Amino acid sequence: MGVVLGANQYGKSENRVVRVYRDTDRHEIRDLNVSTWLRGEFTDAHITGDQANVLPTDTQKNTAFAYAKEHGVTSPEDYAVALGRHFLDAAPPATGALVQVDEYAWDRIDVDGQGHDHSFLRRGTETRRTWVTVDGRGEDQKVWVVSGFTDLTVFKSTGSEFRGFLKDRYTTLQETDDRILATSLTVSWRHEGTAPQPGTDWEASYERTKKTLLATFATTYSRALQETLYAMGQAVLESDPGIAELKFSAPNKHHFLVDLDPFGLKNGGEVFIAADRPYGLIQATVSRDDSSEPGLAWQAVPAFA
Amino acid sequence: MGVVLGANQYGKSENRVVRVYRDTDRHEIRDLNVSTWLRGEFTDAHITGDQANVLPTDTQKNTAFAYAKEHGVTSPEDYAVALGRHFLDAAPPATGALVQVDEYAWDRIDVDGQGHDHSFLRRGTETRRTWVTVDGRGEDQKVWVVSGFTDLTVFKSTGSEFRGFLKDRYTTLQETDDRILATSLTVSWRHEGTAPQPGTDWEASYERTKKTLLATFATTYSRALQETLYAMGQAVLESDPGIAELKFSAPNKHHFLVDLDPFGLKNGGEVFIAADRPYGLIQATVSRDDSSEPGLAWQAVPAFA
Amino acid sequence: MGVVLGANQYGKSENRVVRVYRDTDRHEIRDLNVSTWLRGEFTDAHITGDQANVLPTDTQKNTAFAYAKEHGVTSPEDYAVALGRHFLDAAPPATGALVQVDEYAWDRIDVDGQGHDHSFLRRGTETRRTWVTVDGRGEDQKVWVVSGFTDLTVFKSTGSEFRGFLKDRYTTLQETDDRILATSLTVSWRHEGTAPQPGTDWEASYERTKKTLLATFATTYSRALQETLYAMGQAVLESDPGIAELKFSAPNKHHFLVDLDPFGLKNGGEVFIAADRPYGLIQATVSRDDSSEPGLAWQAVPAFA
Amino acid sequence: MGVVLGANQYGKSENRVVRVYRDTDRHEIRDLNVSTWLRGEFTDAHITGDQANVLPTDTQKNTAFAYAKEHGVTSPEDYAVALGRHFLDAAPPATGALVQVDEYAWDRIDVDGQGHDHSFLRRGTETRRTWVTVDGRGEDQKVWVVSGFTDLTVFKSTGSEFRGFLKDRYTTLQETDDRILATSLTVSWRHEGTAPQPGTDWEASYERTKKTLLATFATTYSRALQETLYAMGQAVLESDPGIAELKFSAPNKHHFLVDLDPFGLKNGGEVFIAADRPYGLIQATVSRDDSSEPGLAWQAVPAFA
């Protein structure tokens, strides 16, 4: 019997990089959480402890900060692509680099109806996220870009039903034609192409996709969270040929109608208890029938994230 | 030697009450986390295990939900006052009731420039919070209202210095005349008066106070976080005679300038690492010299919250 | 009208100090989370921004680490007392110092029945905690020591009832003579005396008190969590004259019997759902009738912690 | 262009199932967090909203609780296998079932040197975890069992170096021949075979594997965390032919030596700051060269968990 090394990767997680643009008095800020990993020929590091092939995670950290200055941060995607490509140059034993960048949004503080030049308020809704996978070098290099967000929490106070479902001896759930639908969305979408161009407007793409997802959630009557997610994916795919595929992970944040009968009160869909656990968890992938193959695009992305 | 019971209270924490107003097609929602406690004559419950004086925490929970319907939620403060007063009626052995209500804010989802009727997006910045203490019954009843928020995160990319401080043999900190100032604010303010009136516009009061705090943070040059907090409190007290006192608790969320010299890069206040721990913690109380006495107003509020 | 500064304090929170004793091959480790605050004459810092009286929180951090070497860590209490006393020497404008030290416990990894010399496994039950308040200087200096822990989670699968309670129109809870009692205990106890001596065996005191609390929880039939907490405090006070007072904060972690009737199954107290929220919260103070006055002992301790 | 549904699954996450065995006065408890998902033919649910194929997540929840009674919990693995197999019977449209069960460990409370009959103390170290994937029905049914744990935190105060690594222009890390090595281990191991037998002693297997992993961590001199993880995997594979493969995910919890020189103190590897972020993240898979194919075994397991 021999013991063998299988899939492996290593890197530095959660570098909290804050980039301030202060070329004029009106500052801009980008607030990032950057994680990077390398894949490649690291067998010796595991078996003999020889680190000659290992670019330290500390160096990866230094690079994440240095690149915020050298390359700059016009978008999480653009910065992540530059960082991933760099690591393949810096570490010859690596065959691939994975980069995840989270971004926290800030608004300018309002002072007399104007946004302040250098004072900001954390927006605090969703966390924008991008995953970039870079594989190979030179002519053969492929770069996959996935964009998305996590923890965007939405709520419909009506316009949602759940009925006609399969029943067995353990089924006690009553059918309902009016319920609250709430979820904390994690959505990731893969962009077409494996050679992203410098001038790409990732900012506009992100805002447009998020807007379409939200508007579809709002305006779609829901027979199940599955149907709502599918409709959201469909709306994006039909309006943006640059997006190849979307993955959804959506906890069904249950809101149970409180029984007020014992207190002589009628609860006409007005008072709910928001439950923590357990929660339904709905996960789905939606693509178009002529989308490109995903290749390694999802390698950096936890399942269904 | 005898063993004696000292200060004690009991209640139900974190009732996640969601109230939907659906009288018209344009729904409104209030999303609350409600905690209540009773104080009073509960010695038997502790010493002999006799529960005759104890209104169960389960009943307190039921009441929190029932009151969302019976009394309604026009504001966290108004709802908390009603709930606290009720408990003194319901539980004769109680001498006081404490209520804490957190509120999570939601915006309407934008669809073609219009907020949707019944689909909402969690705003996700600060958590609005109120604490109400009710003491006594009838003519002698006093009700203190404290309003505030927690986790409102703000950031100044310049306009902050720190120098001229006391030094000892353990001091290594360099003075700076330009640093990032960032904090996650918890602020609570005590309202004047102990007999809040039904028609009080708590919503306007909250928005006005928050706006003053934020604008002062934005526009005040900061020689220390202490000075900034004091200025924020002063601005509120000078503009609103209905507010008697403010308490601030502000972690100094350090952003350290990253040394890019080893990489041949100049870091002109552009790249920072946002640190988690340790963090400075600045806590202060600001009032006016003719403010009323606090009485039991802060009984429900953890120190400096 | 004039604006005035009230109670205030400042310091450095959550210094993660790890102290390794390696004088022999058999290492010892102390894993701490240290927070310190100063109180005193800091009006100028708030009002004019003058920091001449302010010993920076960065210096407090440095000192927390330096003292782990200079003074050493024989116990959280001894280290906290030394640190607090030092700050009054270092910062003349301070009138008081507060220190909180959390300690995380580690066991040696078992190798063939022996604990390893320098490899450890995080124990991970409760967090041991101490709060020390130092007030004044020289002859008049007083030092209060509070010891305790947080998040010690205990569970009784029987031996607990809840009945005979007060009822009102919102009461729906059924009485029960057999339920699960589970809680995550936060307990703090104040030691007698305000001049702790260097040779005090804080380690033995902590273990003894924890053991008494646990054994009493285990062996006391519970008519309510209040009664159980009181019995636990009583057992400590009766066995240790050095402890003056205990404060308990205990969330009642509800375990609800699952209704299996719809599935033709009888649930004889065998299957429960552990609920997250809401939870009962029981808080109580127990002392002896001849305990010393608490003075400022609890100043560093959040209410009921 | 047509929109198509890709990989999808749905289920109920985090059912907090507590099972008490009370056949004698000496109770036993199993404290579980159970999540289940179904995969199969659910296209209609997504596209037309027709739920006829969907066994509700609420039913999955009911079943998780009912099975704690009907089937019982002799081990997380045995219970998970039973539950997964049941779902394929209950839901004809499903082609596969995934089950994750976390278990929290409890010790008996010590009373005079004896463990109490029905009072328990949460152990609180690692969370034991199992993932089971069931695919197909009848003769063709395959069942994969993965066991493991998360958050087992270990620490070596010496016996660890890091040197000889690859350097580039962003490398500033100094080589070291004596450092602290600390990590919070998540390890999962796949068992050989796809037809687990009822009498399998999963309890012994878990304890044995954990013991081997820990002892190897303790006694292996570490030239890198990669080498240590590989050695741990190798030790398990060499001693237990029933285990086919292990996956490790190990954050390198950095402990930085504090510079005490400015204070005239020598720090001989005695005082460290435990850092939160960023952290190295090392992930590796180790198997034997004749291990069976993994099939769908890892379908339920997040990448590298």
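Chains: A, B, C and D, in written order; residue numbering restarts at 1 for each.
In this text, contacts are C-beta pairs under 8 Å (C-beta built on N, C-alpha and C of every residue); 3 or more make two chains touch, one makes a residue touch a chain.
Please read these numbers as outputs of a predicted model, since none were measured by experiment.
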Original post:
Which chain pair shares more contacting C-beta pairs: A-D, or A-B?
Top reply: A-D
**OP:** Tell me whether chain C and chain D, two copies of the same sequence, contact each other through the same residue numbers or different ones, using over half shared as the line for same.
**Re:** same
**OP:** Indicate the whole-number Å distance between the mean C-alpha point of chain A and the mean C-alpha point of chain D.
**Re:** 24
Subject >> Chain centre separation in whole Å, for chain B relative to chain A (CA means) >> reply: 31
Original post:
What are the residues of chain B that contact at least two other chains?
Top reply: 15-16, 62, 66, 170, 172, 262-263, 276-277
Original post:
Where on chain B does chain A make contact in their complex?
Top reply: 15-22, 27, 29, 31, 62, 65-66, 68-70, 106, 109-112, 116, 118-126, 152-159, 180, 211, 214-215, 217-219, 255, 258, 260, 262-263, 265, 267-276
Subject >> chain A contact footprint on chain C (complex, rising order) >> reply: 169-170, 172, 262-263, 276-277
**OP:** Using the touch rule from the top, collect the residues of chain D that touch chain A in their complex.
**Re:** 1-16, 35, 37, 42, 45-59, 61-63, 66, 90-91, 93, 162-168, 170-173, 222-224, 226-227, 229-230, 233-234, 237-238, 245, 251-252, 277-290, 302-304
